[in-house]
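As structure tokens, the structure follows; a few thoughts come after it.
First chain written, first letter: the chains are A, B and C, and each begins at residue 1.
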Amino acid sequence: MAEEIKKTFWERLIQIDRRVIYLIIALAMVLPFFFQMGLPIPITKEVKDIYDYIETLTPSDVVILSADFDPSVSPELLPMFDAIFRHCLKNNIKIIAMSLYIQGPGLIAPVIQEAATDYQKINGVDYVFMPWVIGWHIVIMDLMTDLQRSFPTDFYGTRTEDLPMLDGVKNYENYDLIVPFTGASSYAWWLLYAHEPYGVPLAAGVTAVSAADLYPYIQSGQIMGMLGGLKGAAEYETLIGEKRMATMGMEAQNWAHVIIILFIVIGNIGYLVIGKKK
Amino acid sequence: MHISMNPWVWIGVFFTFSVLSFLYKDNPFYKLAEHVTVGVSIGYGLVIWWTNSVIPRFYIPVFEQGQWILIIPAILGLMMVLRIVPKYSWLSRYAICFSVGAGSGMAIPRSMQAQVLRQLEATMLNLSFTSGAGINNIIIFFGVLTVLVYFFFSKEHKGVFGGVAKVGIWFLMIGFGATFGYTVMARLSLFIGRVLFVLQDFLGINLAG
Amino acid sequence: MLWKKQIPLAITFIMGLLLGIQYFVPHRISENFFQGYLDWAIVIGIFAAILSYISFYRVHGMRIKKKAPAWQYSVVAIVMSVTMALFGFIQGREEGMVFMNMYSYILVAIEGTMFSLLAFYISSAAYRAFRARSTQATALLLAAIIVMLGRVPLGESISFWHNIWPSLPTFTGIANWILNVPNMAAKRGMQLGIGLGIMMLSLKIILGIERSYMGSGD
């Protein structure tokens, strides 16, 4: 009898309605925003390496930040772009912001504007914002050989040759770092078509889904460092001392991970119990 | 808490919940959101495509700077459009072959350098049992080797070869596990992004403080 | 046959050969040729994009014409696309304009939320499908759990053993080792395969052995 009840309990638990699972995970991601623990965010070497490299750059150096993503993955990648953009502004490093994805510029435009206001920087003088041009890896090669041909105007329609920041910035010889932010494989395009042939230092901000795939390139030194998922962005925010979108999100991420692990454990116990009974 | 008075934010919240309603079951709100986003993205694409690509990269170079030679690739591009006309779809092959051929030619040396030679070079590590780094190097070296053996299907996975391939599977499993762990993280982050939008932009809750 | 097959294949061969050789020739002629190719490739891309727009209006137009099930949604899609385009062309696309608001509060909201549904599906899958059915599957799950804990601040905080024996790594440390050593080795093996695969496929395309990209028919 007791066995019967136990069996029913596990079977019931395993066959629970999916909407209950959805509700639990939703609560795990909403409630932590109201009960913040403020746990310290450990910094990984991959993130610190990018930060340290940017710290060595001088105001005459140029960094390309390419937001190669669309709204589907922006919660992960936009905070990364924001953090590195702010770090460069803080250190007075010249920035070329761009996107190989058609929906990218629209996503980063407000972020750029807010950061520029916060740091009192001027478009065209301290940073430039390029529009999307069709071509993906073709645009990368074009940019390496001739910036002005690649982007005849900036995002706001100003002729590229009239942008003071780009005086003397012509091609790969003038770029000191490229950081693509991608939910797909644009880091591989930048690797193949910019880093390898022209030797421009490359780092990457990627969604957590692709983060594990980048380790061979980090170990080989082809990619100097990586921001992986929301955690990578939170680490970078910690390094620059600005707790913004990603740091806030880590609170929820903590508990959601715990719940998922509990789901896996309960699911497996149920599987074992039911399996043994059968 | 200051609920936003911006009608656009309300529209954003309406569509956010319309899409989330799919978790309960498929419904007209979700379908509406689905088609609205397809339409809006096409409209967005049209405007950006015209203003950022057609005008600066074709219209100005050809009609203002006299680079008439660009008419040829324009015709090639238009031939690609003929793909939807069965009678003339073969004409699209000219543009496809031009692009695919060039892409293949560019990929061979670059892929060889970036994805094969540099990766092999980075696997030639100092192997030693006397330090932690040396032991890690041994694991990396044999890990790469065994995974490559596993993917070598021209020889049957039996005997010593099969045993080595089996070790490769263990490495792959740990690699997939790492990817899976990271994938869970990624998926959850996407929802967190939407929660932040509703809490901050719509409800006006100050989360930073 | 000549116009429909052999000449296109010859174009593939010539372009592949030229662009392949170009990489190794740092001469001015070679670089000018490369620049010219980039210009052409962008213009081809610009006009080829028309195909996607035509396809959209064709598919939804047909659905409306045939009064297919739920054809009303196709009307919505077309109306929204035209509205968006008109606002973009007439009013402009600066911050605060209808075009940008539609982008931020409709497109971003819907696309972002659609992908966020995956958070729920992966939770459900974690509960129902991720089973340690074999020792190898157990290794996969353990690696996943360690990475999940090692990649959030909580993982560092719950590594109590590190406070007792500081030489022992925390969850973050173990996750770092997994990612940098066994995971790296596995992914490198796969990347090498992918790299060699790209080269082989490219070679087959240039030599005309692989032709599926040309589509069916004569």
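To be clear about the criterion, a contact is a pair of C-beta atoms (placed from the backbone, for glycine too) under 8 Å apart; a residue touches a chain by one contact, two chains touch by 3 or more.
Everything numeric here is computed off the predicted structure, so don't read it as measured data.
Among all pairs of chains, B-C has the largest number of C-beta pairs in contact. Averaging C-alpha coordinates per chain and comparing to subunit B, the farthest chain turns out to be A. One simple way to say how far apart two chains are is to compare their mean CA positions; for subunit B and subunit C this gives 2 Å.
Averaged Cα coordinates give subunit A a centre that lies 15 Å from the centre of subunit C. If you average the CA atoms of subunit A and of subunit B, the two centres end up 13 Å from each other.
Under the contact definition stated at the top, the residues of subunit A that touch 2 or more other chains are 22, 25-26, 29, 72-75, 103, 106, 133-134, 197, 208, 212-213, 216, 219, 228-229, 231, 253, 256-257, 260. For subunit C, residues that reach two or more other chains under the stated contact definition are 23, 39, 41-42, 45-46, 49, 103-104, 107-108, 111-112, 114-116, 119-120, 122, 126, 141, 145, 147-148, 151-152, 179-180, 183-184, 187-188, 191. Residue positions 23, 41, 44-45, 48-49, 51, 53, 57, 106-107, 110-111, 114-115, 119, 122, 140, 175, 178-179, 182-185, 188, 190-191, 193-194 of subunit B are each in touch with at least two other chains. Touching subunit C in their complex are the following residues of subunit A: 14, 16, 18, 21-22, 24-26, 29, 39-42, 44-45, 70-75, 103, 106-107, 109-110, 113, 133-135, 138-139, 141-142, 145-146, 149, 197, 208, 212-213, 215-216, 219, 228-229, 231, 250, 253-261, 263-264, 266-268, 271.
On the side of subunit B, the complex with subunit A involves touching residues 23-24, 41, 44-45, 48-49, 51-53, 56-57, 60, 106-107, 110-111, 113-115, 118-119, 121-122, 140, 175, 178-179, 182-186, 188-196, 199, 205, 207-208.
Only residues 8-9, 11-13, 15-16, 18-20, 22-23, 31-51, 53-54, 57-58, 61, 67, 70, 72-74, 76-78, 80-81, 83-84, 89-90, 92-112, 114-116, 119-120, 122-123, 136, 139-148, 150-151, 168-185, 187-188, 190-191, 193-194, 197 of subunit B touch subunit C when the two sit together in their complex. Residues 19, 22, 25-26, 29-30, 33, 72-76, 102-103, 105-106, 131-134, 151-153, 191-193, 195-197, 207-209, 211-213, 216, 219-222, 228-231, 243-245, 248-249, 252-253, 256-257, 260 of subunit A touch subunit B in their complex. On subunit C, the positions that touch subunit B within their shared complex are 3-5, 7-9, 11-24, 37, 39-56, 58, 70, 73-74, 76-85, 88-89, 93, 99, 101-122, 126, 136-137, 139-148, 151-152, 175, 177-196, 198-199, 201-203, 205-206, 213-215, 217-218.
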